[in-house]
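For reference, the structure discussed in these notes is given below.
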Amino acid sequence: MPASETVELAGHLLDSGLLSRIVDDVGEYGADFSFDSFEVGRKFTDESRATITVSAADSQALARVLMRLQTHGVNLVDPGEARTREVEHDGVFPDDFYSTTNLDTAVRLGSTWVDVEQPEMDCGLLVWDDSGRSRVRTIPVSEVRAGQRVVCGAAGVRVRRVPRLQAGDKAFEFMNSQVSTEKPQALLVRQIAEQMRSVKADDGRILWVAGPAVVHTGAAPAMVALVRAGYVDVLFGGNAIATHDIESALYGTSLGVDLAHGRGVEHGHEHHIRAINRIRGCGSIRAAVDQGVLTGGVMHALVAHGKDFVLVGSVRDDGPLPDVYTDVIEGQRAMRAQLRDVGFAIMVATMLHSVATGNILPASIPLVCVDINPATVTKLADRGSVQARGIVTDIGLFLEQLAVELVPGFRD
Amino acid sequence: MPASETVELAGHLLDSGLLSRIVDDVGEYGADFSFDSFEVGRKFTDESRATITVSAADSQALARVLMRLQTHGVNLVDPGEARTREVEHDGVFPDDFYSTTNLDTAVRLGSTWVDVEQPEMDCGLLVWDDSGRSRVRTIPVSEVRAGQRVVCGAAGVRVRRVPRLQAGDKAFEFMNSQVSTEKPQALLVRQIAEQMRSVKADDGRILWVAGPAVVHTGAAPAMVALVRAGYVDVLFGGNAIATHDIESALYGTSLGVDLAHGRGVEHGHEHHIRAINRIRGCGSIRAAVDQGVLTGGVMHALVAHGKDFVLVGSVRDDGPLPDVYTDVIEGQRAMRAQLRDVGFAIMVATMLHSVATGNILPASIPLVCVDINPATVTKLADRGSVQARGIVTDIGLFLEQLAVELVPGFRD
Amino acid sequence: MPASETVELAGHLLDSGLLSRIVDDVGEYGADFSFDSFEVGRKFTDESRATITVSAADSQALARVLMRLQTHGVNLVDPGEARTREVEHDGVFPDDFYSTTNLDTAVRLGSTWVDVEQPEMDCGLLVWDDSGRSRVRTIPVSEVRAGQRVVCGAAGVRVRRVPRLQAGDKAFEFMNSQVSTEKPQALLVRQIAEQMRSVKADDGRILWVAGPAVVHTGAAPAMVALVRAGYVDVLFGGNAIATHDIESALYGTSLGVDLAHGRGVEHGHEHHIRAINRIRGCGSIRAAVDQGVLTGGVMHALVAHGKDFVLVGSVRDDGPLPDVYTDVIEGQRAMRAQLRDVGFAIMVATMLHSVATGNILPASIPLVCVDINPATVTKLADRGSVQARGIVTDIGLFLEQLAVELVPGFRD
Amino acid sequence: MPASETVELAGHLLDSGLLSRIVDDVGEYGADFSFDSFEVGRKFTDESRATITVSAADSQALARVLMRLQTHGVNLVDPGEARTREVEHDGVFPDDFYSTTNLDTAVRLGSTWVDVEQPEMDCGLLVWDDSGRSRVRTIPVSEVRAGQRVVCGAAGVRVRRVPRLQAGDKAFEFMNSQVSTEKPQALLVRQIAEQMRSVKADDGRILWVAGPAVVHTGAAPAMVALVRAGYVDVLFGGNAIATHDIESALYGTSLGVDLAHGRGVEHGHEHHIRAINRIRGCGSIRAAVDQGVLTGGVMHALVAHGKDFVLVGSVRDDGPLPDVYTDVIEGQRAMRAQLRDVGFAIMVATMLHSVATGNILPASIPLVCVDINPATVTKLADRGSVQARGIVTDIGLFLEQLAVELVPGFRD
C-alpha cells in the first residue's frame, strides 16, 4: 500500500548540490516526490527552506528512503515518536532497524528528544535506561546483544546537517571544492597548520592516521618533530608504519630505501621481519623503549611523550608487532575509545586505515586527507565522510613543510 | 672480524637482470664481492654459471647478506650443515633465525638434504622429528612455540630458483616484461584461458583472489559462469566482495551502482549493512543459501557448486558477514590451508588480499594479477612474488572476455 | 559605478548542480546576486524557473560575469540589442569582445535574432552581411582580420542550454554521473553501439579521435572492422597513431610491442622513423596505399573505404608523416572543416587530441571519452565540454567488444 | 644470405641490466648471437668486457639490428668505413640511412674518425665538406634536402655509452633506481639544488621545461625567485604555461584557481582568452613587458632578466600567444638552437614538452623529470632518454623547497 511522508530541509540548498543528491536518491530507491514549498533566500548568505512530500510503494520502502535522505540532513516535518524493538539474537538487528548516519542525531522517546551519543554511520541506535533517564548511543551490529532495544523505522529520529564552514573558516573553505593536484599547495599547508594550532588552543586532541609512506618518503623526522611539539595526540595505523619506522630505527633502512644514502632496493626482506621479531622478544613497543632497544623514530617519540596509538592489523601483515590488534573488531573498538575530544583528524598516505577511521568518525570532526593518490581522497568522501577535505600531494614534502610551519627551529 | 663465503649461481643470468640485483643487494648490506669465475653460454639457450666470493664485516653480517642473496636463488658453494636452535619464548624466533624465501628450499640436517614443506617467504624453518625422520616446514613467527627448533644462520640451506618459463610457455612468457597498459589485451585473455584449461587438465586447483570491483563492474555474471564451469576452485577475498555480491543479489544494487539500470549513487548506505544483517540472521552464507534467502550471485554459486572460499576481514569492514575471519592471523591460517594442489592463482582488483596471498604463495605457483591500477601489479612483484605477471586492464571487460573464452554459450 | 542586470534560467535546475555553479561563478567574479523569483516544479519531470538580479562594480565587470553565466545557459531577461565593433588589427579582438560558449547561440541584430553558425567556445562572434542578410559565426582570434565586425559586450546574445537527455536516452543517461572505473562496462559498450547505430540510421557522421594506444593494445583489427562496417566517418589524431599503425603494417611491430608474439621492447627505435621515411618517400599515406606499399591497418582501411582523417602534429613528433599538419592553426582549421553532420563523437586513448576536439565541438554533439586514465576523462568535462560522458576502461578490450557488438562475424 | 658481425661492449655490464636489453633486442629483430668472450671484473669497480657475434638473415637485417644495439653503446669490433649516399628527394632519407642514437657518436670517413655534432636520436647523419675538412652532424628527416649526403648502413659508426655517474655523484646516483613515490623527497630536492649550483659554477646553462601546473599549484613565486637568482637560463613550454602565468598576472586567476583566496572554479573561461587577446594586441610578451602591461609572473621575470624561452604550440591551444610557434617543426628548430652549453635539464609537470625535449637532448646532458604522475617520468626513459632521473612528487611543494634551498631569504 503506497505510503508518503513530508520532509523538510533548510540551509544553503542552492550552492551545495544537495538538491541534486536528494533527487538522485529518491529515484534510486524507486520512490517519488513533489515540492510542497520552496522558499529561496534573496541573498547569498540567506538560507533556503524546502518542504517535500516523498511517496513510496509501501511503508517499509518509505522508511528506507527516509533513512537514506537523513544522510543529507533531511528530516520528517512530523517526526512522531521513535519505535524500539528488542534484539532477538546476539549480533543481529531487527529487520527494520534504523541505520545511522554520522551526523548529530536526536531520537524522540516519549515526548523527549534525546541526543545520540557517539554518532557513527552504519550502526544501530541502542536505547537504554540509565537511572530512570533514557539514553541513546550508536552500536555496531557485531556488538549488539539479545535483549537490548534498538530504534526501528525512520519515525522519531532527527539529524542535523554539518553546518557550512563559517566566515572565519573562509580560507580553509576552498578545500571544499574537488580533489585536485593543481592547487596552491604551500597555502594549504599553512592553513592546516593554522587549524592545528587553533584546535590545540581549544584543548582539542589531534588524531593522525598514517601509512608507511611517512617513513619511506623520509618524513619520519618531521613527524617526530610534530609529536614532540604536541601536534600528535593519537596515531591510528597498521603493522606496516610501525614496523618500517622501527626497522628504520634499528637497521637504518625501510622497505626499499636506505634513508641515509637514499639508495633503493626492492623488498627489504628480512630486515622488517627481524625488526618485528626483536620487538616481539621485548614484549611490546613500550617495553622496547624502556629496555633501550628502540631509541628513535615515530613510535619511540609517541611512547616517550606519552601519546596514544592504536595499531590494527590486516591480512597482509608479517609478524605482527606485539602491539597490533589482530582481531579487527577489537581494533575498531580500540579506535572508537580514542575519539574523545578529538577536534581535528588528519590522514596521510593510507587508504585502508583512512577509510576505517572515516567509518567511525562523527561528521562534526573536521578531517583532512593527504595522499599522492587522488583515489584515496575521493573514496573517503564517496563513502559518506562528507566533511573530508582532500589534498593530493607528496607526503614527504608536505610533512616537512608542516613541521617547518609548526615547529620553530625544525630546519635549522 | 671480517668473514667471507663463496656462492654460486647458474641459469640464464644474462637476460634476467639477476646480476644487477645481486650487485645491488651486496652493496645495500654494506658487503663486498669478487668474481671467482664466470662462464657464459655461447648461445641464447645456454646457461651461464658464476662463482662469487662475498665478504662482510663479521659473520653475522655475512649470514644476513647470504640469506638475502638466497632470495635470488644464490647458494653457498659449500653449504655445510644447518644449525638449529630452540625457541625460548612463544612467538619469538632466536635472533639469528633463518628468514625464508618463497622458493623451493632444502635444509641439510646431518648429511641429509630435507625438502622444506610449504615454502613461504618471511618465515622461520621449523625442524621436527617425525618417527625418526627429520622434517622441515616454514612457520610464521606468530605460530612458533617455546621448545620448538628452528634453523639459524645461512649454513646448510639451499634454494632453487624458479625455472624460466619453458619453450612451450613462450606465448605466456611475454607477460614477463614490465607492467603496461599498452599490450594486446585480447591476446592476454586467450593465454590465461589456455593456462586455466591446462591446469584443470592436470587436476590442479585454480585460486582466485578478488575484490568488490568484480561486482561493481557488472562482472558477477561472468564470474558465476566461471564458477559453474569449474574454473574457480577457491576464492580468497574480504568482507566487501561478499557483501556487495550479496547486496546485489538481495536488493539489485551494489555500492553506487544499480546494475540493472546502470544508475550510480554515492554510498549505497544502508543497503549493504542491511544485507550483512540479513545474513547474520541466517547464521552463515551457506545457511542463507540453504534457507532460500540467497539465490544468486558469486557467493551463491560457490556454495551451490561446493567450492571453497576464505573471507578475511579488515579494519574498515562494516558488520562483518558471519563467515568473515575477524582475526587476521586466523584468516592467514585458513588461507594457507587452501593452498594444496593450487596450480594457478589469479588476482583481480584487490590490492590488500593480493598482497596477502602473494605473501603465502610459493614462488612455484604461477600467478597473474589483473587490475586497472598499475600500482597493485607492481607492488606484488616488488614484495617478492617474482613469478607474478601483471595485466593492467578493466576487470569488467576482462572477466566478460575470459568467460566468453572458457564457457561455451556464455554470451548467447 | 555599480551596474546590475536581471537574468533568467529554466529547466531541471534542482537535479543538475547548476545553481551551485552559478553561485560559485558570481562569487568568483566578485559580483553579487539576489533571487527575484524561483518557481519550482512540483514533480521530478517538471521544470523550474528562476529570475536573478546580478550586480557588479561596474558595467565592464558586469558584462564579464554575464558572459560567464551564459556558459551555463543563463540569459538576460531583457537582452537588448547586440553591439558590434570593428577589429583594428589582424588577430586581435576589441577589448570587450563577446567570448563564446559552445552552446547554441543567437544574436539580436536590429530586431532580428540571428542564429550563430558553428558554435565553438572561446571564440569571437563575427557579423557580416550576406546579400543584405546579417549572418553570424564564431571566429577564433587567430583568424580575425582588421575591418571585420565582432560582437562586443553581453547584450543581445542568447544561448540555449543543452537539453537534458530525454526519456528515450534513459539507458545512456547514467553515464551522466561521475567518472568511475566501477561501472558495468559491458553494458556501456552495448549502449554506445546502440547510439552509433542510431546516428548512422539518421545519416549522421561518426567522429573518432584516437591515440596510438589503439595500436599498442592490439585493437587495430577491431578498429579496421569498424571502419569497414561504416562506423568511422572521420578520424582525428596525431602523427603517433598513424605512424605506429603504419609501422605495425610494414614491420609487424609497434612501439614496444611485437603484436604477433606479444613480446615487448622499450623504444621501437628505428622502426617508426623508417616507417615515416618510407611514407615520406611515397608522398602521402594515400599514395602509399595506391603504390601497394601500405596494405593493412587502420590508415589503410580509412583510405580504402574513402573515409576522412585529419592528423595534426605536435612538438614531440618524429618525422612527421607527410599528411600531418605541422602548423597547429592549420590543423585546427582542417578539423573544423570536418565537423559538418557529425552526430556522435568518440574519443579513445588520447588526451591531447581529445581536448583539442572538445575545444571546437558544439555542445550539441554527444561525446563519449574512453580512456584507462581517469584524468583524461575529467579534463574534458572540466574544460567546458559539458556533454562529455566518460568511461574509464581498457581500450583494447573496449574496442574488441564494440566490434563484436557492431560487426557481425567479427570474432569468427 | 645470412650475415654476421662481431660487436663488443665494455663497462659495468653486470649491474646495469644492459645484457638483458641486448639479448631482448637481438631476439626482437629476429637475429641470433653467440658470446665469443666475456671477461668479468673481479671487483665492483672493475669493468667487464664482452665480444659477441650477431647474425641475421641478410645484411640489411643485420645492419638494422646493429644500429639498434648501438643505442646501448655496442660497437662493431671492426667498424670499417662509413658509407654515404646522396639524398634524392627533399625530406626523405635513403632507405638504408643510419638512424641515430642520442649518444656521443663518431663516424669514420676515409681513415679519420669524425665526431658527430649535436647528437640527437632518430635523425640521419649529414656529412659535408667544410673547407676540405669533413664534418658530420645529425639532421632530422624533415630538414634533409636533395643532394645532401647522409651515412647509410651501420659500418663506420661508433658510439660511446654515457659513463656511469662517478663517485662524486654518488649521492645523486640513487635516483638511478626506479621511479617511486616512496623516496626521501627532501633529500632529493637538496641534491638537485647542489647539481644546479655546480652547473652554474661551471658556467653551464640550466634548461627548464615546464607545464601550467607550475602556475596552478601556486609555485610561480618560487619559479620567479629561481629566475631572478639565475637558475633558469632558458624555458621550454607551450601556450598554456605562458597563458596561465599571464592570466594570473593580469587577472589574479589561473584556470580554476583564484590563487590569492584559493577558491577553485571549473574552467576559467574567458579570463585566459582575454589575456591572450591582450598580449596579441601588444604584439609580443616582451612588448607587453615594455609597455607596462605585464608586470609580474614567470614570463615577466624571464623577459626582465634577459632569459630565453621557446614556446611551441599544440593543437589544443586557444589563441595562441604571439610568441608561440604554431608550426611544430619550426618550434623544434628553435628548441635545438637553445641547447648550446646546457649542463642540466629539469622538466616539471608537462608530458608533451618533456618528451619533445627528451627527443632532441644528447644523452650526455643530465636530466631530471619531476611530476606527480609516474607515467610522465616512465615515458621519458622508455623513449630513449636513458639519462633521465625521475621524481614523483608535488610540483608546488617541490619548487617551493627548491627555492628555499637555492635562494637566500626566499621564505622570509
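Note that the chains are named A, B, C and D in the order they appear, and that numbering of residues resets to 1 at the start of each chain.
By definition in this document, a residue touches a chain if its C-beta (ideal position, glycine included) is under 8 Å from a C-beta of that chain, and two chains touch if they have at least 3 such contacts.
Given the structure is predicted, the values throughout are model-derived calculations rather than measurements.
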{"item": "For chain A and chain D, chains touching each", "value": "B, C"}
{"item": "Centroid comparison with chain C (C-alpha atoms), farthest chain", "value": "B"}
{"item": "Computed distance of Cα centres, chain C from chain A, in Å", "value": "40"}
{"item": "Intercentroid distance (Cα basis), chain B paired with chain A, Å", "value": "32"}
{"item": "Chain B and chain C, separation of their C-alpha mean positions in angstrom", "value": "45"}
{"item": "Residues within chain A bordering two or more other chains", "value": "24, 27, 256, 263"}
{"item": "List of chain A residues in touch with chain D within their complex", "value": "170-171, 173-175, 177-178, 180-189, 191, 213, 216-219, 255-257, 259, 261-264, 372, 392-394, 396-398, 400-401"}
{"item": "Chain C partner contacts - residues on chain A that touch it in the complex", "value": "14-17, 19-20, 23-24, 26-27, 32-35, 38, 40-44, 50"}
{"item": "Touch list for chain C against partner chain D, complex", "value": "21, 24-25, 27-28, 64, 67-68, 71, 89, 91-93, 95, 97, 99, 122, 140-142, 238, 253, 256, 258, 263, 265-267, 269-270, 273-274, 276-278, 280-281, 312-320, 322, 326-329, 331-332, 335, 352-353, 355-356, 359, 373, 375, 382-384"}
